[in-house]
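Got a structure for you, questions after.
Naming follows writing order (A, B, C and D), and every chain is counted from residue 1.
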Amino acid sequence: MVNNSILVVGGGISGLTTAVEAAEVGYEVFLVEKNSYLGGKVTQINQYFPKLCPPNCGLEINFKRIKSNPKIRFYTLAEVENISGREGDFDVTIKLNPRYVNENCTACGKCAEACPVERSNDFNYGMDKTKAIYLPHEFAFPMKYIIDPKACAGNGCTKCADVCQYNAIEPGMEAKTVTIKVGSVVWATGWNPYDAAKISCYGFGTYPNVITNVMLERMAAVNGPTKGKIVRPSDGKEIKSIAFVQCAGSRDENHLHTCSTVCCMASLKQVTYVRKQYPDAKIVVYYIDIRSRGKHEDFYVKVQNEANAVFIKGKAGEIKEDPSNNNLIVIAEDQTSQVLTEEQYDMVVLATGMQPATAAAQVPAEMTYDEDGFLASDPVTPGIYGAGCVNKPLDVAAAVQDATAAALKAIQSVRRQNNG
Amino acid sequence: MVDNKISSAPVKYDNSFAKEIYALENGHYAQICMQCGMCAVSCATHDIMDYSPRRLFNLVRVGKKEEVMRSNTMWMCTACCMCKVRCPRGIPLVDVMHDLKAMAIKQGYVDYPHAAFHQAFWQEAFSRGRVFEGGIMARFILKRGLGEIKKLLALGMKDMGMGMLKHGRVPLVPPRKIKGLKELQQIIQRAQALQEKEAK
Amino acid sequence: MRYSIYPGCTMEGPALFFLKATEAVAEALGMHLDEIPDWNCCGASEVSGVVGEFTQQVMTARNLAIAEAKGQDVLVACSSCYMNMGLTNKHFKDDPHFAQMANEALAAGGLKYNGTLKVRQIVDILVNDIGLDKIKARVKKPLTGLKVAGYVGCQTVRALPWEYDDPERPVLLDQLIEALGATAVPFPMKARCCGSSHAIAQTEIVLEHSKEILESAASNGASMLVTNCPMCQMNLDAFRGMINQVHKTNLTLPILFFTQLMAIAFDLPPAVAGLKHCVVSPYEVLAPLGVGK
Amino acid sequence: MAKKTGVFICSGCGIGESLDVDALVKVAAKECKAPVCKTNPFFCGAEGVELIKQDIAAGELDCILVVGCSNRVNYNAFDFGPSVTVERVNIREQVAWSHEPNDEDTQAMAEDIIRMFMAKAKTVEAPVPYIVEDLSKTIMVVGGGMAGMTAAIESAKANYQVVLVEKEASLGGWLNKLYKLAPLKTPFTSLEDTNLEARINEINSNPNIKVYTSANIEKTAGGPGLFDVTIKQNGSEISERVGAIVLATGAVPYDPEKLGHLGFGTSPNVITQSMFEEIAKKGTIARPSDGKEVKKIAFIQCAGSRDAERLPYCSAACCVESMKQALYLKEQDSEAQAYVFYKDIRSSGQYEHFYKAAQTAGVIFVKGDVTGVSAGNGGTLVIEADDILMGEKTMADELDLIVLANGMVPTTAFTEGAYVGCGVQVPEPEAGAEAAAAADAPVPAAPIIKSNILNLVYRQGPELPDLKYGFPDSHYICFPYETRRTGIYAAGSVRRPMDMVQAIEDATGAALKAIQCVEMTAQGAAVHPRAGDTSLPDFQLNRCTQCKRCTDECPFGAINEDEKGNPLINPTRCRRCSTCMGACPERIISFKNYSVPMIGNMLKAFEVPEEDEEKPRILIFACENDAIPAIDMAGINRLQYNPWVRIIPVRCLGSLSLVWINDAMSRGVDGVLLLGCKHGDDYQCHFMKGSELAEIRLSKVSETLDRLGLESERVQAKTISIMDYEEIPKMLAEFMEKIEDLGPNPMKGF
């Protein structure tokens, strides 16, 4: 028997798109997301380039489309453990991790007020804290609290359950496994920021004022750890100078072999964040090539003309710290003047690139990967397709295009099985 | 030292020198340089180099043979490998520098004392199978003349030697040649022959 | 545990006491070291600059070919030797064309290398094979209160990056120092180049770099340095007078090989530790631990 | 339609602690006469839902107001089947959490909200889907190049019929000109064959695909599911009914005649990328001037592109194309020299591997600005440049050939053969011109270029609206297929500059969107962004004055006109934004579930305090896409704001009817605030100009207000993004201050 439903793994912008687009054609879709909320990485982005518009705007529309479409079923806190069978007839095992908060939760927030312990907030890359029971972020969909079992005081403490009037707290909740049958699979688990600590010469993790581009997004966001204010992590002070270091890990055979495609535009965008908050700050971008392709060139020109940033052609080679004030010294060879420059900054932003999620967690089926872990273009297992940044580094618009295309591939797959 | 001044007449791109370099054992790596400048920053001796490795590769690309061959860049390399570790294109810069040194020696660009030191070391290793500091020094001075000694003495080398002696760190007799020296030399000669064949 | 050991020219010359201390420490830890018979010079950083990389690696390969008979991991302490032995070995494994050519050359001396050995840095072996726990257990005289800057230098960690440690911010040497009960002092020049073999041809570089390294260690609170590179030790120790003379400094930090420090902590006989061979006297710094001449 | 509305007021989550719930029950039951009104502290729990179910069964309710939290919480808790309308009335985030508890103003706010939504419930009706007869699910693809062929094949593989229209005699488009392709797949290092023959065979042998070559589209009438396309082929006209369209007509090279500064025209050996492809395709790469084999070549990147006076944009594909072409020469003669003069190497993503592959093959890359191209010895050419990395003036001589990487211009950017994408003033489109002529309706419309491709029989112009530089791209990042002409999706390099790999993906995505459009249209449902909405505007044409505002302002060109100027709605083009409803001065346009009277009733339902109560009343019309979520967020963050406001969510500010302002003012409301999306170049409105149109309408009403002795400042429009919730309290406070300065509305009490 051929199954007509489609499994989409990953609830970020790519997976959401594949799911919604396929469902709106009329197919039954299962969407599996490992986080406790849908939206993935874009929920952590402050603004999209080049329009400088908030990702939550588009996410709200996508969530509306999910809410109003009975053909989509989604699982959060879920991981695909196994895929067996064949195109048109896959058996998929999904592990559902416990939220410790049941469907009764009304997101009233009383529990978090009562909770006595804190945890590092991964949504903000550890730059602030939440309670052990927390709402991942205020736009979280589904809007439910969750307990971090690693942080929860556990056993003796029942403070959250005591204040919850809706019996929503279930400390004994356990992981469950469900098995579903689907006709085709789209793998859209996205990307992770490359671990900047691996780039030894930049001192990330050692120097507090060296941060990554994804961290700056959170800092610039009104719902971020600093409520939108860009400040130095070491002392919370305003900044007078900032450097953006391009290709931090990308285009580098010691790290990510590919160009991550988005970092140039992302840094140009972040230059506008800084300039808006600090009209007089010194902003310097260290680069090899500025890759604002296509119409994005307009944005590059605009930033050059309006943001008063200095562009240094030369990869930042090393970052040193002045331990007396935690200022950073960026050393690079300025190739237009042919000299080595050593400039001091209050803060440095590493434009760390995209590592496909499949580099760490591969598809539980036979697939091929390139040297960086991206899915190779030709699928090995018929009926399983990649979408978005597991295929290649993509910006949001391109990821959505790719994910829309993947929806068609998945549909073709089940149609083909029906025919034949 | 090399004249860094920019001339007014346009520099003509000439590929013949680049071809010569790219044909060296590790020379071909120079052509995949994407001109990021990471090596310049990483280099332990960049501040006394005429050109950073990146600039040197750029000069190779343009075809400025004299500038490259007379530059001190490769001689200043301490083989600390920082550039090699960091080069985003995976260029083994240390090995390219070795090739440039070997080429310089072969073509008579031996003004820098380092050339003599390298040769002295090589001769010592080849003729004994192991090296002995005293032997290298003797060969070095033989090549460079007494001027080098004066220079070293001015820096206080004599006291240094005495200190070493005093702490029992200078073997007065050179170590014996290795037993299999003849075989080693045969191996080396065969390697040289193979290497030359490979280059063609 | 048995290893073949490749000492290299410096360790039978000006750094002989490093070899002695190393051998004694190895024995104390139950290691057995077999010196590669009739080994030859690896070529250091000089030979390939005269005759090319291939010839230099073939020269190095002779040692591997001889050592292969025992089939043991090859322990190397000297940095240049480790770089050349390690890279040559890697080349044999990764590049069949190279291996074939190199064996053609080795055949001229009646040798062949099948690429079966592992070339190991001594720090790697001590931490990953012997283990810090075993070393801690062997310590008889903990070096409590001794502030030591572990100076790693360049080639041991960078020749084969990430082989056993971070090529730019190495940590293993510090772990060893801490295992001996001493305090490892972090300092930014930990993996900076000392100027290496420019000591003769371009002495100023060595004096300049060594000065910076010593100052960095001192200003971060170290009372001594330890290293695992004979070239670094020589530049920072024997050239100290010249450094102080040229740069008008008074840098008194002694610099030891880390196996010397281990010998002290293991409470091995003073002759084994070979402290008298250090040009800059370490006795004052070590006096609080009861180490005397 | 008789309606039985049940009101279920939740007292949980702090509502009961903040509000007098019994008083709310009184408002619903007594005043608004709800047949059922209950309270419970936990309606969204299983028991609460069961209670509502019982009441539905017992009281035969067909409309439910759940008065409690925002519908973003437990959005799926209250599903009672299609026969019961459910309205979530938010008094948690918007009242209890954002205002002082147990305060009379807070209580009044909650009571008014119940009144407003009861009024709404009375008016709202269930929409009836518009089911099309003779609907076609065929996908028409216009353009038979890589993107077009891909869209055709991919649609056919999903079992859809395809009509593929190509203007040339054979398929393949740009591929016909190419010798080889840059790599399309991992490891992205080697050249690939175009496989054109195989691609064409695949199309020709697919029974689902009907191909028209040497064919043009004479006209395209109708709308999704009902497009009637007249195709002209060999002098005869063929009619096809299709469901949706993929526009994949590609791009053409930038006119090299405009590249004289780079030597084009000075020698036959200065050529373009496409000319070089032709040469390579013929076999030997030789000089056009004398047939001598090329030994030294230079590529000049950004020839026209990234040039403010020519093509300000980057053409995206040229870097990789030049690498590919340099490799052609290396393939012929590995000793030949190839120089690439570039500004930035933009081999993005995995093409980094290709960049390295080209370097490995010996291609030399020079970051430099070309300052001159001149003739050298023996028919060779000389390039002079500022080599940036050398910091010197340099020169490449003895060049046999210079290839200008001359970039791409979309086929949609031409009118009567002339490129109008940029540098040249885009001609004012007809619609805009007419609108400007009608003094009171200056509608800012997107320019539409007459490019003679689709020839749409649309009131608003014959082609897709241009976004910028002649590319009919989507304005949205998260919705790159959001189109301003429903059912027509641009794909490939016509949409934005892109390379082959991107074009293939894009075409596949566009095919999906086209398929989706016909499927949704078949169900009478709207496509994105109001996906699934089955409501449609009704026109009471007997009252129409032919003012043409609706036909002008429809952002999707859904409304045509008959000869008399009456609007002719094409229902399948409609995206249900309700801009027409707001545009109509006669209020003849309404939806079953959204209408001028419905909102009118809501704004008449709340109480307006007397002047002596000294409580100004502010009415807010808030866009439900961005402003309402932002207001929710203010509540979730427990931000406190003025309780004298009454908020009415609207589909889009584009639906704002001026009569609502009138009604509010005549009721004595002291101020009206419009909260809508950001407009301007980076507009946020998914219906293009909703908030902007509302502001334009407002500018017209201000004169009237002044005449009535009402200060026009009483009515203001503000833009707000979903993330601006922190601003809301301040924004309201400032407006309130302004209103207090102005004093009470003099119409109060009349």
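Please note the rule applied: a contact is a pair of C-beta atoms (placed from the backbone, for glycine too) under 8 Å apart; a residue touches a chain by one contact, two chains touch by 3 or more.
All figures in this text were calculated on a predicted structure; none of them were measured in a lab.
The chains in contact with chain A as well as with chain D are B. In terms of C-beta pairs in contact, the better-connected of the chain pairs B-C and A-C is B-C. Put simply, the chain nearest the middle, going by average C-alpha positions, is A.
Chain geometry summary: the mean Cα position of chain B and that of chain C are 23 Å apart. Spacing of chain A relative to chain C, judged by their CA centroids, is 44 angstrom. If you average the Cα atoms of chain B and of chain D, the two centres end up 62 Å apart. Taking each chain's centre as the average of its CA atoms, chain C and chain D sit 65 Å apart.
Within chain B, residues 34-35, 55, 85, 89 each touch two or more of the remaining chains.
Annotation for chain D: residues 345, 367, 389, 391 touch two or more other chains. Each of the following residues of chain A touches two or more other chains: 201, 251, 254, 335, 338. You'll find the chains touch as A-B, A-C, A-D, B-C, B-D.
Residue ranges of chain A in contact with chain D, taken from their complex: 13, 20-21, 24-26, 42, 48-49, 51-62, 65, 67-69, 103-104, 106-108, 138-139, 141-143, 165-166, 221-223, 227, 251, 257-261, 289-298, 301, 313, 335-338, 368, 370-371, 374, 376-378, 392-398, 400-405, 407-409, 411-412, 415-416, 419.
Contacts from chain A toward chain C in the complex involve residues 200-201, 206, 254, 320. Contacts from chain B toward chain A in the complex involve residues 34-42, 46-47, 52, 54-55, 85-90. Taken in their complex, chain B has these residues touching chain C: 25-26, 44-45, 48, 74-76, 78-82, 84-85, 95, 97-99, 101-102, 105, 112-114, 116-119, 121-122, 125, 128-133, 136-137, 140, 151-152, 155-157, 159-160, 163-164, 166-171, 175, 178-180, 183-184, 186-192, 194-195, 198.
Residues of chain B touching chain D in their complex: 6-13, 15, 18, 22, 28, 31-35, 55, 58, 61-62, 89.
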